[in-house]
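Okay, so chain A shows up in both of these, paired with chain B first and chain C after.
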Partner chain A sequence: MLKRAGPKRAEIPGIPVRIADARFPSPFLPGLEYSAPARGTWNIVHTGMLIPGAHQIFVCAQGCLRGVVLTAAEMGVSDRFSTVAVREKDVLSGDMEKLIFDGVSDIIGKLPEKPPAVLVFTSCIHHFIGCDLPLVYRHLRKKFPDIDFADCYMNPIMRKSGLNPDQTMRKQLYSLLKPRKLNPKSVSIVGNDFATDKKSELYALLAGNGFTVREITGCKTYEEYQQMAESAFCISYYPAAKAAGDELERRLGQKHICIPFSFNYDEISENLKYLCETVSIRTPDFSPGIARCEAALGKTAEELGDTPVAVDCTAFPRPLGLARLLLSHGFHVTRVYADSFSSSEHADFDALQSLAPDLLLYPVSQPAMRILPRSPAEKTLAVGQKAAYFTGSGYFVNLVEGGGLYGFSGICRLAEVMSEAFREPKNARHLIQIKGMGCGCCL
Partner chain B sequence: MIKIAVYGKGGIGKSTTVSNVSAALAEAGYRVMQIGCDPKADSTVLLHGGKEIRTVLDLVRERGDDFSLDEMVTPGFGGVACVEAGGPTPGLGCAGRGIIAALEKLKSKGAYETYRPDIVFYDVLGDVVCGGFSMPMRPGYAEKVLILTSGENMAIHAATNIAAAVENFRSRGYASLGGLILNRRCVKNEEKKVKELAENLHTSVIGALDRSETVLSAEELGKTVIEAFPQSRMAEEYRTLAGKILHACGGKPC
Partner chain C sequence: MLPMKQTARIISTYTGDTSGVCSALFELGGMTVMHDASGCNSTYSTHDEPRWYDSDSLVFLSGLTEMDAILGNDDKLIKDVVSAAKEFSPRFVAIAGTPIPMMTGVDFQALAKRVEEETDIPSFGFATNGMHSYISGASMAFSALAERMCTRGVKRDQTLSVNLLGVTPLDFSVNGSNRSMKAWLENSGFAVRSVWAMGSSLEEIQSAGKAQVNLVVSACGLAAAKILREIFGTPYVVGTPFGHAFSAKIIRALRTAAGTGENIIACCPSENECDTAIIGESVTSLSLAAALRLEKGICCRVLCPVETSSSLLSQNCLAATDEEELIPFLRGMKWVIADPLYRPICPADADFLPLPNEAFSGRIFRESIPNLVSNFNSFEKEVKT
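Here is the complex of A and B:
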C-alpha cells in the first residue's frame, strides 16, 4: 500500500508564522522553491513583446528554452520569437560570440520582413564563460545598421544579486530609445506591464495640465515607442521599474520622478506633491481624494463584514501596506502571502506587529505550500491569484502587478473590485493558469 | 590613463616586476593602480608589507554588493592603489569567472573614475587559458599587453601562446601587444632567444632585468626593491624599465 511521505498536511514547521513572531524582511528560510500554478504575472518574454514589432531571439541551452518557447506560443506570437540552441560543443569550441552572431544573422535573414528591433536574450552560460557580448552587439549593429539591437538577459543566477532579470528587462525595454530633443510638456510612465489607469491622479494632474503622457503599453508602432524619447520627464512607480527610470535619466537626460506605489495616504500625497513640483504645476488639495478612499473602503468593509481577506504579493507591490490599510479600515485581513518584503515595507511590518499580531504570513515559493490545505472552511476574499490558489477561493480580485492602479483613485478602484469579487465568484482554475495576464493567450 | 596587462608564464616574476614598476612610477609621482588577477591574491603583497588584503571576490561572497569601492582598494607603497581580484577555493569553481566578476565589480563601483590613476596594471595569472583571462585585454580594460619572459623554453613557449591569443583577438579590438620584458634567468643564449622571439612576434624587447639577489632580499622583507633598497642597482633597473614601459605604452617618460 502506498503511504504518503513527508510531513502531514497542516503540520509544516514555521508555516504559517504570526507576524508578531516573524523576522523582517524574510520570515522564511530560503531553500528549494516551488511555483504555484497561478501564472498571471508576466515574464521577460511578455514584457519584451511590449516593444511594437520587435523580434526576440533567445540564445541558450535547449532545456532552458522550453518555458520561453511556450510563453511565446501561448501568446500567439511565435512569429516574433526565435531561438538559438547552445550545445556543449559550442562551449568547447570557444567561440560563443560567433555562434550568437551567426545564429542571430541567420534568423534575421530568414524573417519575412526585417524587424525594427531585435531583443537578443543571452543566458547564464554566456555569463559563466565570460562571453564578449559588447563585441557581438558591435558586429550585429554594423551588419544590420537599420535594426536596433537590445541586449537582454535570461540569467537565473542573477535572480537575487544586483539587478534581477525582471528589473533588467524593464530597464532594457527602453534601451532602444534614441536621443531626441526633449519636450518639456511630455512625460513617460515607464517600467509597467499594465497601462496606468486613466482615472489615476497621474493622468488627471499631467494630462489636465497640458502634458502628453506616454506609456509603452499604449505604443502601437515602433515610431510611437521612439517618441517616448522626447519626454523631458519619466515617472516610475512600480518597484522593479526604478532602474529603468534611472537609466533614462542617465542616458537621455529625462528627469526621473520616482514615486513608489503606496497604500499610505501621506506617502501618496507626498509623491504627487513631488510630481507637481518637479513638472512645475500647482499642487492640488488631496483631501477630496482621501475622502473618496475613506468612503469607498468604508462601503466595501461594511459589505464584507468579518469575511476573512487574504492578500498576496503578486496582486500589488507592498502587500503589507495593503494589509495595513485594509485592517485599519475594518477589514478582517487574516493572511498575507509573500516570501519576503521590501525595505519600503518595514514601517508597515512594524505597525502590523502591533495592529494585528495574529496576522498570518505564508510564503509563496516554499515547497510546503504544495501540500497545505487549499479549501477554506469559510468564504474568503483573496486579493491576487496566489492568494486565490492557496486559499482555494473563487472569490478573488484578479489583478497582478497592481494592474495599473495608482494613487487615491487606485485605492478607490481596489475597493470596488474587492466588492465585485466578493459578490461574484470566478472560475479561478481557468483564470489563474493563463500565463501573463492581459497578454494574448491561446488557452 | 594608461592601462597595461602583464602576462607571462607562471613563476616568471610578473608580480615582483609589476610591483616594483608600480613602486617606481609612484615614486616618480604617478598615480598607480595595480590589480592582481590571480586567485592566489598575492600580486600586490610587496606593496603593502606582505600583509594579506581583502580580495574583491571575498567581499562579493560575504556581502553581495553591499560594500564600498574603498573596501576593495588597499593603499600601498607610494600610494599605489592595490586590488586583488581573488578567486574560488583552489581546485574548485572557476578562476576565470572570478576575474570577470572582480573586474566588472571594480568598474561598476567606479574605480577608474574615482581613483583616476595615471597607470593601471593588470597582473594576470599565467597564460590566456579561458575567457576570464582575456578579460583584462578587452575594450575598457588594458590597451597594451606586455609579456614577461626569460630565455627558458617553457617561458618562451608561454609567451608565444599569449602573443598568439593577442593576435587572435586583434579583430575584436582587444589590446595590442606592447612588447616583451626579459627577466633574465641566466640561461644560455638568453638575449638572442628572446630577441628572436620578439622578431617572430613582430614586436620588441622593451626592457630587461638582471637576475639579482637584491630582489630576493627585498621579498624576504615583504617589500619591493624600490622601497627596501632604493639606492641599489636593481632599483635603478626597475626605474629604467618603468620609463621604458611608459614610453612603449604611449605615456610620457618618467
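Here is the complex of A and C:
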C-alpha cells in the first residue's frame, strides 16, 4: 500500500467557507487546479460516440491524444477512433492544413468500411496558429462527398472564452442533421448524454399527446439520428445543451424550448406550462406531481434522520438548488462541493444564506482539496461522485449530469436513490474512477 | 500525397512528456505544475498515474486561459505557483510545459528562477510540450534531480552499492517490480542507495553520488546516468533484470563497471534473423529480448516506438513510431510480444503474446501486467520455441 506523499492537513485558510460568508458566484480565489479521481462525467469522446456509426479523428499533440485515445479504448470502440499526431515541425512549417487533410484522408482510406460521418477534432494549437479550418473541411467534403464531416474541437484553452468545449461539443453533435420537412408532432430532446427518464413529465406530456419524442441516446442507426431533423420542436434542459437548441432553431427552424433543469416546484411548473403552451397541448394540474415529491422527500428525510448529506456539482446541474430543496424538507445537508455557481443559482444562494448560514461550501479543484482529510467522522450520504470522494463515504448516489432525471418525477426518483444509497454502501474507489458513467467502460 | 507517418488508425498513444515529468517526481515530496489549460491533469491522473488515488502527491494544473496565453501573463502563473508553494512547503517545485506554452515561447527556466527567488525552494522548469513521449519528460526530470539535488563532494562507498535509475510505473506499473529489482540487487551483494524514483525518499536520491555504479533499467534513466557520470564519475550499466541468466549477466556487468569505471550496455541485441518482434521502450524490450535469447534461444527484433539513445539502436532495435512504420516490420513475424492495444495491427497469422504496458494502455490491463523481474519464468513459458 502506498503512503500519502503529501503533507496531510486538517485546516486550510478559506476552505471551507460558510455560505453566509461566501461570495457569489465564486466563493474561492482562483489559482492552481487539482483533478480529483472522480471520472463519471462524460468527455467529448463519449458524447461524440452518440452519433451512430460516426468515426472520430483527433488531430492533436501526443500528450493531448493520450486521454482521448484511452477513453475510446476503455469504451471498447477503438475501431471508431483514430488520431493524427501534431509535432513541432507541423507547428513551424505552416502546413497544418495539409497535415489535417492528408491525415484524415489517410485514415479514411484505411478504414474497413466508409463511415457515414467523421468527426474531426482539432485542438488549441490550430486555434492559436490560425489554421484555415474551413479550407480543410471544404477539401475533405469534396474528396469524400458521401461522408458527413463535423468540425469538432478539443480546445480547453477556450473554456473561459464564450462557449466552452463541452457546450460546443453538444452543439456540434447535431451539426450533421440535414434539413427535412418539419413534423409538428415530433419533438427532440437535445444535448443530453443520458436518456431522459421515460417516467418524467416530459414523456408523459408529449408521448401522451401523440408526439414522437426523439433523443440521440436512443438512435441506433445514422438514419435514426437524421430523423431528429424532422422535429418541429427541440427541448433543452441540461445547461450545457442550450447552445445546441439555439443552433437547431437557427439552422433547421426547430422551435427551441429551453426549460432548464430545476429543483424548484414553481420553476418546474412554469417550465412545463411553457412547454405545453408552445406545443399546443393542455396544461395539466401539476399539484399531484408536487404531492408525490413531498411524500417521497418526507419519507427519505425520515429515514436519513440527522445523517449529514453532502452534495456536489457533478451529480446535478444545480447543487445549491438541490441543497435548498433538501434542507427545506428536513434533510441535514452540511456540505456543497462546487468551485463556482451559475447565474441560475443566485436565488438559491441568497435563500440558503438565510436558511442554512452554516452550510459549508468546498471547492472541487482547488489544490487544498488534495490534502484535506477524506475520512468521514460519521456516516455521511454523498450525492455525487466528488462528494463521495471528498467525504470518503461509500454511501453515495452514483449519478452524474442529472442522470436523465427531470421534473417532479426526477425529484421523486432522487429521493428513492438517496434512500437506496443510504442503505447500501458502494465501492466508491472502483465506481467513481470509471470514465464516462454508463458508456460501457471495460474496467 | 506524401506517405503519412503521423496517423494511427486504431492503436493507442504513449504517455506524453509532461506526464513523464510528473511520474518521475511523484514520490519525492515536491510540487509539480503542468502549465496547461485543462486536460493534462485529468489524463495524467486517470491514465498515467496509478498512485493517484492512494497518495496526496502535489501535482497541479495552471489553468492557462486564452487571454493569459495571448497576453503572455506569466505573472499569474508565478503568483499561483508561489502561493501554493508557500501554502504546502514542498521539497522542490517543478513547472512543466504543454503545447500552447511552447507556441507562445514560455521560458520555463526563467519561470522556475522567479519561483525559486520568491520561495527559496529549489525550482525546475521543464520545456516539455506534449509532443514527445514520457521518456523525454522523465529523462528531463531525473536529469534535473541529478544536476541540482544530489549532494556534491560525497565520499564514494567502499562496498558495492548501486542506484537504480529510470523506475516509474509507466514502465514497471505498481506490481512490485521496483521492490523485486531492489531485493535482487541486495541478494546479489549490492547495497541499493536509491531507486529513481519509486520507493525512495528524496534524501536517498540526494545521496546517489556515493554509489559505486548505476543501473539504468529504462530509457528514462539514461540521461541522468550520464550526468551522474559527469558529476561523480559513476559508471553505469544498462539493462533490466529479466530472467536468471540475463540478470546474472547484469550483476557481472555491475561488478565489472564498479571495478573498471567503464559504462556497459548489457542488453545489446544479437544480429541474427528474427521471427519474434517485441514492441516497447528500448531498455526493457532489449532486456526481454536478451533474456529470451539466453533462456530459450529465441532471437527477437525490438521495435521501439518512443525516444531512445542512438547507442541502443541497431539492426535488431529499430525506431518505429507510427502504425505506418510498424506494420512492415511486423510482417513475417511468427510471434509478436506487445501491449494488447497493438494487436489490431499485427499479422493475423502471428501468435500474439500480450505484455501490457502502462505507458501505452494505461490502466486497462493493469491487473495483468506481469512482474518480469521476479516472475519471468511464468512469462517465458508462454513463448513457444
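Miscellaneous remarks
What we mean here is this: the second predicted complex is superposed on the first by the 435 of 443 C-alpha atoms of A that agree within 3 Å, B and C clash if a C-alpha of one lies under 4 Å from a C-alpha of the other, contacts with A are read in each partner's own complex, and residues count from 1 in each chain.
In the analysis below, a contact is a pair of C-beta atoms (placed from the backbone, for glycine too) under 8 Å apart; a residue touches a chain by one contact, two chains touch by 3 or more.
What you see is a predicted model; the values in this text were computed from it and never measured.
Of the two partner chains, chain B is the only one that A:P134 touches; chain C does not reach it.
In the superposition on chain A, contact of A:K299 is made with neither chain B nor chain C. Legend: residue contacts after superposition of the two complexes on their common chain; A:I157 is shown touching chain C, with no touch to chain B. Number of chain A residues touched is higher for C, counting chain B against chain C.
Within the superposed three-chain model, A:I125 lies in touch with chain C and out of touch with chain B [touch as defined at top]. Of the two partner chains placed by the overlay, neither chain B nor chain C lies in contact with A:H346.
Residues common to the contacts of chain A with chain B and with chain C across the two structures: 128-129, 161. The touching residues of chain C, counted against chain A in their complex, run 1-2, 4, 6-19, 26-29, 33, 36-48, 51-58, 60-67, 69, 80-81, 83-84, 87-89, 98-100, 102-104, 128-133, 174, 322, 341, 344, 361-364.
Residue ranges of chain B in contact with chain A, taken from their complex: 64-65, 94, 96-97, 100, 130-132, 134-135, 138-139, 172-173. On the side of chain A, the complex with chain C involves touching residues 1-8, 12, 30-35, 37, 39, 61-67, 69-70, 73-74, 78-79, 81-88, 90-91, 99, 102-103, 105-107, 110-111, 123-125, 128-129, 154, 156-161, 367-368, 370-371, 429, 433, 435, 442-443. Contact residues of chain A toward chain B in the complex are 94, 97, 128-132, 134-135, 138, 161-162.
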